[in-house]
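Pasting the structures in now, so scroll down.
Next, two complexes with subunit A in common: one pairs it with subunit B, the other with subunit C.
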Partner chain A sequence: MKKLSASARVYLAIVFIVLYAPIFYLIFYSFNSGGSMNNFESFTLEHYIAVFEDSRLLVILINTVIVALLSALISTVIGTLGAIGIVTVKNSKMRNTLLSLNNVLIVSPDVIIGASFLILFTMIGIKLGFASVLLAHVAFSVPIVVLMVLPKLLEMNKSLIDAALDLGATKKDVMMRVILPYIQPGIFAGFFLALTYSLDDFAVTFFVTGNGFSTLSVEIYSMARAGISLTVNAISGLVFFVTVIVVVGYYFITSRASKRTGGTQ
Partner chain B sequence: MQTKTSKSALFPYVLWIALFVIAPIALVVYYSLLDIHGNFTLDNYKAFFTSVYLKMTLSSFWYAFLITFFTLLVSYPTAYFLTKTKHKQLWLLLIIIPSWINLLLKTYAFIGIFGLYGPLNAFIEVFGFDPQQMLFTDISFVFVSVYIFIPFMILPIFNSLDRLNPTLVYAARDLGASALTTFRRVVLPLTMDGVKSGIQVVFIPALSLFMITRLIAGNRVITLGTAIEQQFLVTQNWGMGSTIAVFLILFMVIIMLITGQKDKGGRVR
Partner chain C sequence: MKQLIQATIAILVVSALLFYAADALSAGGGKSGKDTLTIFNWGEYIDPDLLKQFEKETGIHVIYETFDSNEAMMTKIQQGGTAYDIAVPSEYMIEKMKEENLLIPLDKTKIPNLKNIDPYFLDLPFDEDNKYSVPYFWGTVGIVYNPKLVGNLDFSSWDDLWDPSLNRKVFLVDGAREVIGMGLNSLGYSLNSLNGHELREATDKLITLAPNVKAIIGDEITPLMINNEAAVALTWSGQAADMMSENEDLDFAVPEEGSNLWFDNMVIPKTSKNIDGAHAFINFMLKAESGAQNADYVGYSTPNIEAMKLMDKEVVSDERYYPTEEQRDTLEVYKNLGPDYLGKYNELFLEFKMSIR
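What follows is the complex of A and B.
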């Protein structure tokens, strides 16, 4: 392999700087005792303290985490069952229809998902708030889980199941002790992605949330519309910190898992 | 696995499809036929074909095109150079991390950066220019959108470049093709799939952005997404909002058909 030329390195460096500059800019000014993002007066942690002293913000944070965990859990169950179900469908036309329906929510713009769910929830009489947000997050996470689990199911050797049945395993045993352990990495990946989708979502939540309920991104939007507030900077510092920990953790878990299975990732 | 138990596993999933995939689309189409009082009418469609909405659609497409174009322009070389680095997976991960930070936070950062007293204006002043109001301009809107979409474009292009068999490039060079010809006739056609899925994941969301237009473009830029949000949450005219949504869905389907992957026969058009 040829070595990277100097101009290529400079180009890559610029891309990296531009990608990270806004994030570090935010974090840098989160320590500013002055009230703006322009001149740095002196170092302070007051904005971080403000985040933890603002009980409204803490409630929103807890809401966000609860919605993310619950919706990821529910969608992982539905999605895993769905993937197992799809594999059993022998009619290829029907299978393709199911798969294309599965992808509709993945490619649809958030605005359309949000608007159509708003109509749906109003029609069937679900009060806008926690319930509607949770349902919406479950709804858009299910296809992601299916897409993570399906490849694992497809690469699984069918003779494993036949062997288990020959050896006297019941159908329940086959499910619990053969299929589920085999597709476990896919299930974890699906859960994890559903979690991050839920934590990250703004547009859909914005449509289906009522007055009394808010998640972090909806709250950030209304704070940002009101103008610059260094509390938002402090939040972004915390978010960045948590993200990096999660990403690094995920990277090590997956690279260790792929080493264990002989790098079949 | 053709047991009854695994067939019944489909039940909650099919229920999910019916309730959250089919029903919402049907409802959007149904609502597009209602006026603000709930009477059946085709007026919304008539309204869509008036100059106001056509102009908006056209400008929405124009911005989406600009955003996709610049994103591609930045992302292709980046993806290309990334595949040439040592530890390329790690570098790719570093490109992906910013995309995991909440989009609103990154957009919010630019309110400060582009502000009248922000670092960009301070930088310009060093060269003797007067500070400009950069926030609430079209350029700032396109810039922030490109910034947001770059990782999503790099990922598919990186994957297709990574899958490219390097011996094909060596062969082309051995046969006397210049670097440029090799790129144009070998590398680019073979990575077209990645480029197409990159365009897909950028163009469709770019048509429907609404938070960036509100925060950065200060309502100067109206995309289809902004219009839908406006109709649903501000004007409360769900009928008109649904009509715009129907057209957005149509455009989306068309774009997917154009950029969709053809059968894997290795056909070069």
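What follows is the complex of A and C.
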């Protein structure tokens, strides 16, 4: 890697400060005993304790993570298979249509997706709650996974499959031992993107929650109406901490994967 | 491939553990399963302790959900999907829900604690004889201001807003009824006026306020006032209380000419599956102890006289939040104007908005 020039480094530093300053500002005040974001009085953990004492808030936090993990997992499976399906379509017109349909779902506004889900679920009689939120999150995550996996599939050399078949591999072997390992980085990228999409979605979730099931984004939104209390800061700090752990985990997975493929080549 | 399977298993195991944890946490109040009560309330609008007390007293498991606007609340109730047993809409929304046939009439024999409520807050035009609703919190519309930024003005009169020194310093809430109502009040008219001349006069007067108006916005006023970035705002007393608890410089005034009196009331929506439980909850919330504890926690004004006796003297004697009877006489509750006049109000409000540059 080339060394960065001084001006580029300054620019980079400014960008990172702008991106991270609000988050650290928020976390800093989550330790404030003063009760507001105006002046810092003294260090306290009371707001974190308040989060852990409020079992309703904790359940919501856990719900948010469960929905994110499961919806990302399910949508990764569906999205990967979908991407493989799209690639195997021979007719290029058909393939482009499928891709466009996939992209339309990514750019369509969340509010509209949410409202249509609400109407759909109440029409076919799905009880609003965990299942409806999970289904909605899977639905809006699938197109993202497709988009993350596709480039890897397109980049793959077709003769790899032909060679495997010539050597006597069954179709199942080709899938398990050639295609999936090759597109693995795309699958992981899709999973993590779906995870973050699910974590911070408000608009869709708001419409499809019910029966006591809520996620953090919905809860914080209605809490914020009465002014941001420092409990919100504390919970945001916790979520940020979890996110950092997830990102570090992702880093280790990818670096291990690349080391391995590097070793066998 | 192995990694993919490993990752999948890891995710499933973590999810299962979290499921278990969430289940253990939410079952803390006793596993009754069948006997549950689903409450739909504004965010941060109840002391969570009270829910636990209620669960302990009655054995009914409470599911608590929040919303952030009357409109969103009504949409979810109308759409069905969740069987809400209690909701807490504002007065104009109660009227609307009544019209749409979304509410169940209350059985007063099951709510003996209704006697704790100040009669002044009962039998109001939006729900005569309290057939469908019971007061939860109430407040006024007034002016929150920062004395350091406005000089000697004390906003005992609406006309103070027109003071030339406030050029581009006034924030208004984005509500037709609130703003047009303020114009009507400042001229000494009723804020439920259906008189074309009065409405015209009020709008013309508001248009002369345009040079002082900096913006017409919603909840964003709160942080602006707290951070001393705005000097004066027309807002609800509840919102003002939030601002003042964060910024001690601020003060709140309800001008003498009169203003609006607003309510958030408890109702039982048609979707309710536990009507007895809902009545029990309403009765529980009307207890003097519950009312006092809730008002201490939330910081809004309680309609519960018995509760006020248990509260801090300093709070309940604060005339900004608990106006004297004399002051209350100038306050008016919004009447349902009907779609035609509501349209007229909106049209005039739009005209006023367009005059602002």
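In this text, the second predicted complex is superposed on the first by the 221 of 265 C-alpha atoms of A that agree within 3 Å, B and C clash if a C-alpha of one lies under 4 Å from a C-alpha of the other, contacts with A are read in each partner's own complex, and residues count from 1 in each chain.
In this section, contacts are C-beta pairs under 8 Å (C-beta built on N, C-alpha and C of every residue); 3 or more make two chains touch, one makes a residue touch a chain.
Source: prediction; values computed, not measured.
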Spot which of subunit B and subunit C makes contact with more residues of subunit A, would you? B
Would you check which partner chain A:11 touches, where first means subunit B only, second means subunit C only, and both and neither mean what they say? first
After lining up the shared chain so the two structures overlap, which partner does A:22 touch, if you call subunit B first and subunit C second: first, second, both or neither? first
Applying the document's definition of touch, where does A:90 land relative to subunit B and subunit C: first, second, both, or neither? first
Touching partner for A:239 - first (subunit B), second (subunit C), both, neither: first
By the touch definition at the top of the document, which applies to A:131: first (subunit B), second (subunit C), both, or neither? neither
Scan A:221 for contacts with subunit B and subunit C and give back first, second, both or neither. both
Scan A:118 for contacts with subunit B and subunit C and give back first, second, both or neither. both
Going by the contact rule set out at the top, does A:62 touch subunit B (first), subunit C (second), both, or neither? second
So, does A:253 touch the first partner subunit B, the second partner subunit C, both, or neither? second
Which subunit A residues are contacted by subunit C in one complex and by subunit B in the other? 36-38, 118-119, 206, 221, 224-225, 227-228
Could you list, by residue number, the parts of subunit A that touch subunit B in their complex? 1-2, 4, 8-9, 11-12, 15-16, 18-20, 22-23, 25-26, 29, 36-39, 77-79, 81-82, 84-90, 98, 101-102, 104-105, 107-113, 115-120, 123, 139, 142, 146, 158, 161, 171-172, 175, 179, 196, 199-200, 202-203, 206-207, 216-217, 220-221, 224-225, 227-228, 232, 235-236, 239-240, 243-244, 247, 251
If we count contacts the way the header does, which residues on subunit A are in touch with subunit C in the complex? 36-38, 54-56, 58-59, 62-63, 65-66, 69-70, 72-73, 118-119, 121-122, 127-129, 132, 176-177, 180-181, 184, 187-188, 191, 206, 209-212, 214, 218-219, 221-229, 253, 257
Touching residues of subunit B toward subunit A in the complex: what are they? 1-3, 5-7, 9-14, 16-17, 19-25, 27-28, 31, 74, 77-78, 81-82, 84-85, 91, 93-98, 100-113, 115, 117-119, 147, 150-151, 200, 204-205, 207-208, 210-211, 214-215, 224-225, 228-229, 232-233, 238, 241-242, 245, 248-249, 252, 256
Interface residues, subunit C side, partner subunit A - complex: 1, 3-4, 7-8, 11-12, 14-15, 18-19, 21-22, 25-26, 28, 38, 42-45, 48, 63-68, 72, 76, 79-83, 219, 222-223, 226-227, 242-243, 245-247
